[in-house]
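Per-chain numbering from 1; labels A, B and C assigned in written order.
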Amino acid sequence: TGVAMMKFKSPPVNSLSLEFLTEFSISLEKLENNRACRGVIITSAVPKIFSSGLDITEMCGKSMEHYTEFWRAVQEMWLRLYGSSMVTVAAVNGSSPAGGCLVALSCDYRIMAENPKFSIGLNEAQLGIVAPFWFKDTFVNVVGHRTAERSLQLGSLHPAPEAHKLGLVDELVPEEKLMEKAAAVMAQWLALPDHARQLTKTMMRKALLDRLLAHREEDIKNFISFVSKESIQKSLRMYMEMLKKRKS
Amino acid sequence: TGVAMMKFKSPPVNSLSLEFLTEFSISLEKLENNRACRGVIITSAVPKIFSSGLDITEMCGKSMEHYTEFWRAVQEMWLRLYGSSMVTVAAVNGSSPAGGCLVALSCDYRIMAENPKFSIGLNEAQLGIVAPFWFKDTFVNVVGHRTAERSLQLGSLHPAPEAHKLGLVDELVPEEKLMEKAAAVMAQWLALPDHARQLTKTMMRKALLDRLLAHREEDIKNFISFVSKESIQKSLRMYMEMLKKRKS
Amino acid sequence: TGVAMMKFKSPPVNSLSLEFLTEFSISLEKLENNRACRGVIITSAVPKIFSSGLDITEMCGKSMEHYTEFWRAVQEMWLRLYGSSMVTVAAVNGSSPAGGCLVALSCDYRIMAENPKFSIGLNEAQLGIVAPFWFKDTFVNVVGHRTAERSLQLGSLHPAPEAHKLGLVDELVPEEKLMEKAAAVMAQWLALPDHARQLTKTMMRKALLDRLLAHREEDIKNFISFVSKESIQKSLRMYMEMLKKRKS
């Protein structure tokens, strides 16, 4: 059918580790180069979670080299996904904070399970950190400036119904209908001639992609300088402690 | 009353041919230079159709010189209408795809007959072609980035009620009340001092107008290079065949 | 509690005179430099009016030097408020036209008394004048391009329920609950780590602030050249006459 399915399967919470991101980018590149593949549906094989976002352990107590490699992998993933010439549909079948939300925001269409226990948002501020400018730009392009400003400052995680109301996701469906709906949406988008659709997508997204490409090394330096601060390391360690306690 | 009425009357579907566009621009210029004229209501004298958009026969099997002249006329019309110092109200009394939608989007206010059989949208992608950047920018300024991205990629034609919900048109009224409503809206806009209103309009629209003015020749070259492709010519011929069959 | 309260108290209508603006900016600067202060709630001590906007007497029949000083004070107030590192909540307990609306738009969150007799908007066009580009940019960032274009051209004053619907204010509450609600919202925003919230706010607002900083002297010149025109002076005098008659 020309449609690939990518199921995130990195328990317990599909953290975007260096390894995960590298594999994700390679998979996207392979599909991109496979002319038979015209669309990809992204979902999770882990119950209740789409992706928990960037793996905080990659940002704690590591070397400059590691931070550089990690951040380049985050950039690479976004450049490939946001700039994909394929139709990309996120079937958000669980919670999706921070980097997980970015993955969904970078797709062409977002369908979410209508479970109010699942939430989605760029909640970086809650962790004492700041989303980089291209997370913000991607968010603004989906929900507009005002909603983005408020949501980013509050680090909001929006329950599915609220996310839908804000336009953060396009559609809610009962969880058991999620894949069926994703396939139907994909078929609708694939009914268009690829060439015209791809040029249109590029026209809409090129300015953002170019902005990161133009500032990629600067963005890496910013990340390293930020994450190297003792105060930020402390915030991240506290957050990891909290996560551990919550689990046990 | 200082209000002009322009009724598109080029059966069967008010295609924006080179001749039509030239006449449209000249009429706008005359009204613009007539100090007694402060506003213009644009509507159609052809039942069920506002305007079917750019005349595809102008883009098929013609010379480079013809393509150049045609595209310059399309640009000219938009520059005059989007940049008009008059109050411009579109009374959309029929369907309005592609270039027809652009005409409506370029006005200050859009009222549409609340007939769900009438639809409006930039559906270029459906024809295998791509709206130029200034169609896209005009659309984004009306409906925002996300709605524009989705609608342009799908080449959506939105039935009147959906178009209203998306903000593509400002108001729906029963068809028999359309002209009465357009006159009332015009009176409301003309109640403002011209000078302040015109400067405000310029402040909102100048960036877009300047962007095309700065890239006008490049935009013509892009159009020619695009429309000269055999694959595009084939798409357009197929589309015309389909239209002919549908008619008979 | 780390929260300051600023109550505008310059009867009869909290006009933003040179003196008022200077005092407002100094107060904001003091709070900004006071590390114990993390947020400020802005409201009015005058019944039924939040602020009537720029004091027109400062723009009528005065010297170039006065216009320069006045406009610099308007800019200064906006630069301090829009760029404040504190959480800023507007408790809009009355009408708020023009510059009064700008004050509210520059805060992080706007709560308005749900009294339909209270209205808010950038109604400069009604007075025959034009809001400067940074009023417009601030407005667009809150309500989006289309709503701003229409509202600015019509010089609309939106009754509270309409302002809420347009996103011009975030929330409506009964007047007697306004301060309680403002305190609750403030607590919610202050629950975030200051550092992350401030950097996020800067990321969202820096482009606009920089735009005025880059064009500050030019913007003053524009104001002077505009306000010095006899036609504008006449409009402003007529408006003042009308206000006087309305009062008596």
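The working rule: contacts are C-beta pairs under 8 Å (C-beta built on N, C-alpha and C of every residue); 3 or more make two chains touch, one makes a residue touch a chain.
Source: prediction; values computed, not measured.
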| item | value |
| --- | --- |
| Inter-copy rotation, chain B to chain C, in degrees (Cα atoms; steps of 5) | 120 |
| Interface residue identity across copies chain A, chain B - same or different by half | different |
| Chain centre separation in whole Å, for chain B relative to chain A (CA means) | 36 |
| Multi-partner residues of chain B (at least 2 other chains) | 144 |
| Chain C-facing residues of chain A, complex | 124-131, 133, 136, 144-146, 148-150, 152-155, 231, 235 |
| Chain B-touching residues of chain A, taken from the complex the two chains share | 108-109, 140-144, 167, 170, 188-189, 192-193, 195-197, 199-201, 203-205 |
